[in-house]
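Here it is, the structure, as structure tokens.
Just so it is clear, A, B, C, D, E and F label the chains in written order, and each chain counts residues from 1 on its own.
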């Protein structure tokens, strides 16, 4: 506790953009079905979709001091990601912090806790994925850390990892695996385009994926 | 497990359409306050309202193989309804399966588990009522069954039962009771129209429903 | 149980309107971070924002009789607030009751239970903050009370207290403290305007709030 | 609602006793991994283990009237099983009802709601599997039904079905399948005894169940 | 926040002892089915049963400073009762604080948050009713208040109110109503003794409470 | 997925034993208030207290195949720790697997999922900390991994890390930090012994920890 790591490595912006284009579900599959944050992490408004480098925050319950510290560490294109040290739904973040974060080029917030001023945040176009919407105020008394590894909503996140977020939720991609994952995800999307056309034309997955024989072997009976 | 029932009986389409016009709350009341699925079953987008015949699926946790099997059993105007054999929030269903289902005339999905690609599903106009929005991928390893009775979100559903769903949630109507329920629901709607006018004009429910005497008998005191 | 208090005091309408203009998060902070209802109290549609005097209802689980009684007690500009005597998600309230309430000038409903006909309520412009959306019907058999103090979603509410509600949730302001709270909230908004400009211009909270020294004293290390 | 079925069929007592001897986990497996009630159904004290015929109760939330009606229907060796018509944690049942039920030969209670007087119930040796321990009182105003099919904690239960319950939870066995399930469960227990000895002697499941080859085929790598 | 009220009134000890003898369920009923804390408030070990005067604590999430302040306010026979200002499960209290509290004559703790060292507390015979068992440590940075009214687990508690707690949970009795409630509770117990004997002898509640006629009027049908 | 790491490093057994003697709460504090698993991880029976080296398992929902694989990797004194790849409460583990694990010297199980045969496990003296007790059976179809880093109930665990578990829950200590943490924890225990005596003698924490001045500075008022 009480450490701010100032120089973190980030993935290449072009790679980050490619991941954004693929979306959460595809990226999650492409990297071997890992990296998802828990399903309770929901967007405060629908339609946002992004990928960005994580500036991570470990903060005590009900204490948002470290958000101010973290904003100074944000570079354009980053996303803030906060994990409380014990479960908490307080409203750590609102429109003033969002104003400050946007001025630094911050793209959004992922927070395993609460957020407030959500009508303002929607108007501002500042997306947040949160555990709760809750106006409960916080204090500024106890240190946490910035840019250390954290477990956020069940997923391990290192500073500089790529956060992909959309209406399906949030997925983390290890910085070292970002490029490979982007390539796999794009390949997956291409393959899906092909399948989508065949399915739309009425072909069945049972036939496209050649499932009938294996289903029969497993013992599926038609009555 | 491992059974696909191919020929199920469905309610008359005209009856199904009448139930759709009544909506969940009215149908639930009309059939004696039964048949509701749990309140955690929420639409992934607002504004959809439908009634359709259930093609039921019993599937293992984290395994969406039976959805491919079930889509072959869908007839135009049906809805898929999936109950996992143990609690699960994984994303069994996304835009590819929705494409395939729509090509078969499927009207939507009710799933006591998770769904993904929700932005795409909204764009496609494919409504889903689900327990969770979660991108978590699934496997295709273990058999389940199609068109067997299931308990879904606390409600017993037989294949061919009528599913009514809107922004209030989901209600099941036994196929054998569909016509009678539609008639009762329509009568209820007519009666409500009458009352709505009187209430809008400022009359009180206390007077319209003649509650004052019974309240006094029960001992209600005005201070 | 079984008491209806008919004459309750209300705060001055001008004060209520000033509180509405400030919103939940600001009012909550202005009165010393108290009065919030639990985070599970969510609006059934986004964008509503109001303040109103509470007509309180204590009702048994699954019994909505007292809502009819309470509507007679509503004066123009009031809001209904219902707390069940034990946890319940049933749909106590729908479009007919909303029609009646609106005819009396009721501004909305806060209910630590369920609500139904939510598509209609949205169309009517009748806002509700609820624990659940659930079509489950209720009975009219057991008395409760109207305009008695209740604990609703974890907050103590007296009849005539001011309820402030928006997309962030719901906050209660004691009637006796409404004017003082409005004044403090407005002062807070003015101060925030100033800070918002500086933050938007790129100044950091660390500097505006002079946090650097105290962070260092607490032992924050930059690596 | 409002129906009491007086003559229900029960399984043979000898079969019921055989199921009791097998326990919940074994019976659940023996009948094809079905019939479990949700994991939140927990015993109020540890160590009870039984099987009994279900006298089912469908009751409104917060209304325990039907328990009195149901006790008259109990025959020696039965178990009461209550499902509320909407989710409820109220304390429907306490030591007086248990005294009455025991006087009729009732073996216990399964309730998807709350129970109270748990210290007394433990002293009396009256086992209960419940969703909650909660002293909240109930009313006697609204009818429900006795000995109709109910969905209890996610499982469909018909009157006269066999309820098996122990520290692992609760499982329902269809009356018609009770004998076959008992036989399968006993076979399973015998097979497990054999395996238990080999495992206790240090043999690995990998070898006993010949899993190594299939794991390798699936691609398991040892590093 | 930041207030310690030093002189609170307490109920008469003899009255408190009479309430303890009646237990939670009976006291709750005797005072008109009110005053119960939420069902998630569970004892850390079974078998404790007490009544005591509440020394109340309002504390920030994750900050147990006020417990030290509160212990100085404890008089022999009191119970500590802590409500966090926002939901929290951290372990505010362990064996050291219990040692200190016991030295002051404290009878136990009711906490709408977490507790730790539960094996030690059981050995010491210091009962706790808590929302969670969680070892998570807390800080001492932010003020709360002692002996102010709080909402704890859904119930309003004033300092000096009588807390009744046993294996069924926790109930609060207003100090001013303690004597009357004790008298009603004792009367209830006496009446129950009579009924218990008749029920044990096989009489039915249907007959003792003369329910048959009213059930028939409501429409109950025997099939 | 699909990797079994066979040679993992473990902490020194003497250090592990020292951590066991300190218990969860003390170890958690000693290492800077980190490493706790979520509060829902509860022992299936009370009184167990241990420390052991983690053999970690990442397993699909509802599939316990990897437990068989993992048991071969257990050395005497180890503990199994399983994290499902998505939330699951199924009963992955029962008395047969416990028999096998005990034969290998396994000390217990930590599982962010369900366990069954809990009465047998208690009789065998095989402690389990689990999210749920649930008899639901699992399949053996899909690979997971053994001895890879996992996030279990919100905490990151590497193979060979030391797991400390008792009635307060579960805490993980990084292998590399085990010795230092043991030393700090023992120092903490010694310091607590001293304080416990003074508190038992009636001294107040306010005085022992010299809190009065700082409380006054923060503004605490005595009324």
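What we mean here is this: a contact is a pair of C-beta atoms (placed from the backbone, for glycine too) under 8 Å apart; a residue touches a chain by one contact, two chains touch by 3 or more.
Keep in mind it's a predicted model, so treat the numbers as computed, not measured.
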Under the touch definition above, the chains in contact with both chain D and chain E are C, F
Going by the touch criterion at the top, tell me which pair is linked by more C-beta contacts: B-F or B-C. B-C
Distance-wise, how many Å sit between the C-alpha centres of chain C and chain E, to the nearest whole number? 28
How many angstrom lie between the CA centroids of chain C and chain D, rounded to a whole number? 42
Please tell me the distance, in whole Å, between the geometric centres of chain D and chain F computed from their C-alpha atoms. 31
Among the residues of chain C, which ones contact at least 2 other chains? 33, 36, 39, 85-87, 89, 134, 136, 142
Chain pairs satisfying touch are A-B, A-C, A-E, A-F, B-C, B-D, B-F, C-D, C-E, D-E, D-F, E-F
With touch defined as at the start, can you tell me which chain C residues reach chain E in the complex? 1, 32-34, 36, 38-39, 85-87, 149, 151, 154-156
Touching residues (chain side chain E, partner chain A) in the complex: 60-63, 85-90, 134, 136, 139, 141-142
Give every residue of chain F touching chain E within the complex, in rising order. 23-25, 28-29, 33, 36, 39, 42, 46-47, 49, 166-169, 171, 192, 195-196, 199-202, 204-206, 209, 211, 215, 218-223
In their shared complex, at which residues does chain F touch chain D? 2-6, 65, 68-69, 71-72, 89, 91, 94-97, 99-100, 102-104, 114, 116-119, 132-137, 140, 142-143
